[in-house]
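Pasting a structure below so you can have a look.
So that you can tell them apart, the chains are marked A, B, C and D in the order they are listed, and the count of residues begins at 1 in each.
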Amino acid sequence: MALTGVLRPGHAQLRVLDLEEGVRHYRDVLGLVETGRDASGRVYFKAWDERDHNSLILRQADQAGVDFVGFKVANKATLDQLEADLKAYGLSTERIPAGDLMETGERVRFKIPTGHLIELYAEKKMVGNGLPSVNPAPWGKDSEVGIAPLRFDHCLLYGPNVNQTLDLFTKVLGFTLTEYVTLPDGETKGALWLTCGIKAHDIAFVEHPEPGKLHHLSFLLESWEKVLRAGDIMSMNKVPIDIGPTRHGVTRGTTIYAWDPSGNRFETFCGGTQPYPDWDPIHWTWEGLGEGGGLDYPQRKLHETFLTVVT
Amino acid sequence: MALTGVLRPGHAQLRVLDLEEGVRHYRDVLGLVETGRDASGRVYFKAWDERDHNSLILRQADQAGVDFVGFKVANKATLDQLEADLKAYGLSTERIPAGDLMETGERVRFKIPTGHLIELYAEKKMVGNGLPSVNPAPWGKDSEVGIAPLRFDHCLLYGPNVNQTLDLFTKVLGFTLTEYVTLPDGETKGALWLTCGIKAHDIAFVEHPEPGKLHHLSFLLESWEKVLRAGDIMSMNKVPIDIGPTRHGVTRGTTIYAWDPSGNRFETFCGGTQPYPDWDPIHWTWEGLGEGGGLDYPQRKLHETFLTVVT
Amino acid sequence: MALTGVLRPGHAQLRVLDLEEGVRHYRDVLGLVETGRDASGRVYFKAWDERDHNSLILRQADQAGVDFVGFKVANKATLDQLEADLKAYGLSTERIPAGDLMETGERVRFKIPTGHLIELYAEKKMVGNGLPSVNPAPWGKDSEVGIAPLRFDHCLLYGPNVNQTLDLFTKVLGFTLTEYVTLPDGETKGALWLTCGIKAHDIAFVEHPEPGKLHHLSFLLESWEKVLRAGDIMSMNKVPIDIGPTRHGVTRGTTIYAWDPSGNRFETFCGGTQPYPDWDPIHWTWEGLGEGGGLDYPQRKLHETFLTVVT
Amino acid sequence: MALTGVLRPGHAQLRVLDLEEGVRHYRDVLGLVETGRDASGRVYFKAWDERDHNSLILRQADQAGVDFVGFKVANKATLDQLEADLKAYGLSTERIPAGDLMETGERVRFKIPTGHLIELYAEKKMVGNGLPSVNPAPWGKDSEVGIAPLRFDHCLLYGPNVNQTLDLFTKVLGFTLTEYVTLPDGETKGALWLTCGIKAHDIAFVEHPEPGKLHHLSFLLESWEKVLRAGDIMSMNKVPIDIGPTRHGVTRGTTIYAWDPSGNRFETFCGGTQPYPDWDPIHWTWEGLGEGGGLDYPQRKLHETFLTVVT
């Protein structure tokens, strides 16, 4: 009851072209905490306020992008049930053994209609957020190292068949559609924001011909002032900014989009609505996404990179 | 799946000594939107960003305090199931017919061990937040009238038997314990914060000899700067402040506690953690609540009114 | 002693193509207080926290731009002395009689090498900021009408001969150079920020072939959060934004540049350094203005409109 | 012209009971930069954004309090003229040789009617703010070490004869009275805020029977969010807080008052008005200081310590 089933986006494995350059970016500039490296050379990070061992995994590769995105589910029984539900829905699933990702239990992996690999898992080692479990301070020494987001918040994925993906996420995985954009025909949904809790989004999709593409991974900040600080730190480190600081009309959140050294876009994000599953989703028209301020509320424009640059 | 069962605190009926004075306070100073008055003279309000018809109901009475607090559940089947679960747990329940509260469906009412009346309901008319459902602005004309919180966020109730109440809320109603204070014995829980989603609290309890008492109703603001603005507006209107502006150690939220004209405490609150059900709750010792900064993190003191003034 | 001579930018007369459209913009969107209209049809405004009768005057004309910018000086003796100093420096001055601008005393007008008309005056009626003079609240009813800046803060003017203008402002008018940009030759100053007090700028100049052009009038906000609110209000009113919200490297201030309905750029600005006359000015190279973050610190780019669009 | 004469509060020498404990407080908690120690054992600090070598000097002594407060003046000619003016006014002055304070030129010292030693000086070595003089970032590595104020902003001194002191500061030193409190008789000024520029205060006085007492030294922060952060850092370090976080009605600034390990009060302050010398000062009645919100605008109370605890 209450929050059950799929709890949250728990990890994403990101491909970078140069591992140490990527580590410097995500550790020293974004300010994630490095928590380990595995035998295959992957590097693990968590945001300081997360309690799980890892939420971002970097893998060196010839092409940037995201390998997979994993969601934590409530427990192993839920994992089994959701796998059964996925199969009943017609998807193939694969079990990845515990330990394949550091400190992470068995994962159920499946490909969604947009071409992305999504995983569910019930176990990841709780390592805490660096604060004592008794009488903790509100923040600590890791909270001001680099941009220092609170957590990996959500991702935006580009691929085909977003409406089939909507069906899968809402009917099988229990997500709620919070906002959507209709294509110029005024009816077909072309962009979707979905939550498994009461966040503005835990995952989002945009219709795109090429499958399995990453638009951005997003990291949560506490305040609009921290978004400004994030922009300052990006600038100090010559991180190229795509859009922002600004406010999205969609979700109401404040944001900066920027690129990591491999060209993967990431977002530092703050705020946003807290929608409930009994709410009607918010509808943005195609013009609403651009001139209506959906992407950039103050500037009311559809920055060209938004639809074209993905990894 | 995902968010199911009990969704959120949906309404509270508050007793005020002078109705029009109460209306002026909650409408003109706190800045709630008045949405109706019923045949029995009760006045209904919603926070501007809420979508349901009402979240605060004022009733004139000889004694201040709270009549009942209601939680919205996912749907009527959930309502029936939860009522059955409550009965199976040993509680008596009462069905209040639809329409007894304006624009609100049938309610299931029961008394919890602290002596408070809690209600569950599945239906309340969606009236929207005053913004269009297509291409909405992030805020609108109601967002700067008075303090103008986003929503009724949670309440803190005082009464006996908080540990039995914890059992009820977690085992039957699906809440998660997010933080707690142990009494000077170091073991017995004396204060509890509970969520039915991923908020720092949807309801909280403090052990207290007298049953059914109200510590405060809390209303959510967007930022610490809005908390300062709330303090300014309270001062402009000579609203007596109890504590703040400050930060709670418990929940990390920022806050002002103040009193309405009838002596009911209310809170304007911002921030706070977003805990998940798989997290261990945070433990505050009795000293931690005071000197440890649990109540007032900067000042590290247990303001005397916190434990003594309730309605 | 202490602050003497020229005190502050006191007024600017702006040309708009449609007066009532201009009034709606500056009164209803920017949120200035309309304080009067004169026989020639000009409309007068003040920012809510200013104490003088007016700081912005709108005049309908066939071409947008600024007619003149006026500075308040300490008193009439200072006005006489500064006029004598200007003449001794070789400039022609003109006395405009008291009352030509509403509630404003005699003005000494002169043309500076960039081709702009600058005025000095010692008297303008103090009308207060709408708060009581005894035990005032920190803000009041005008403080949330539209964007509601605290004051007219500074202007940026484009024209030729900025180095001669620097000489005039520092040697005769007592201003201090706070920051400057050198042209690609690395030596010639091409942009200047000057203060007559301890503000990051009371006036600024950029070298430009055409004389007498306006880049922007700037209005002061209290916080970065108010800058976001300004962007929201601009968007709600379809005010076209040029740049921002962002932070300038020059001055460190946060900003939005946008255009009024006649195409005059205006700025909503917050923060900035408080430099003293014994400080060395900060040097920005030509690359520093763009890639160095001088104009847009997070984005490190020289937006094309910055150098090309003036009125 | 423009800003002349006395420029700013430049240094204060503070007595602490234990030097290393004081150093830890001002360097590690408040986050000042230690810039030197002299032969007599005094320790020198600057706030990160100050350009002068030092602004706070700690001296170990048996009794806490302030030895003297120094103001930087425009140049040596100004120093000579002001000394002559002080003598003409009837005060004795003393010349302290250059080098007595590290990196500081000759000082003119005099005792004011409140019993405090005030100094004027024209020279202190410019060491910069740690950022490059060409194309600087808005902040750097020292800006987040401890509370990290921008500068030593002002001090509040307690002693007798504040009205004579007002006469001295306005007639001889060129300060402007910005705000004042009248005693219960409604006429006699009992508290004064004065600026030598356009700050809400560069120095302030409260009438008090004992001469030469220190109420607090104040350090400037950029935002209300930084005030919250200051409160967090004080709490993390068990720094006892006197008042706040809150807003002063007087000056409109936001504030925390707290005590250093020797019992000297210090303030972390943000905001405040920017008053000009042609403005009428703001009048607070005696009731206005307390119930009127002059000291604590949200709480509208005269905290007992404000009038009684000084060093």
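In this section, contacts are C-beta pairs under 8 Å (C-beta built on N, C-alpha and C of every residue); 3 or more make two chains touch, one makes a residue touch a chain.
What you see is a predicted model; the values in this text were computed from it and never measured.
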{"item": "Classification of the chain C:chain D interface as same or different, half of numbers criterion", "value": "same"}
{"item": "Turning angle required so that chain A lies on chain B, C-alpha fit (0 to 180°, nearest 5)", "value": "180"}
{"item": "Centroid-based (C-alpha) most distant chain relative to chain C", "value": "B"}
{"item": "Averaged-CA centre spacing for the pair chain D and chain C, given as whole angstrom", "value": "31"}
{"item": "Inter-centroid spacing, chain D versus chain A (mean Cα positions, whole Å)", "value": "48"}
{"item": "Numbers and ranges of chain A residues touching at least 2 other chains", "value": "137-138, 223-225, 232, 235, 247, 293, 297"}
{"item": "Touching residues on chain D, where the partner in the complex is chain B", "value": "224-225, 228, 231-232, 234-235, 238, 241, 244-247, 254, 256, 293, 297-300"}
{"item": "List of chain B residues in touch with chain A within their complex", "value": "1-8, 49, 51, 72, 74, 126, 133-139, 173-176, 195-199, 222-224, 247, 249, 252, 271, 273-274, 276-280, 282-285, 287-288, 292-294, 297"}
{"item": "Partner chain A, residues of chain D touching it in the complex", "value": "137-139, 144, 223, 225, 232, 235-236"}
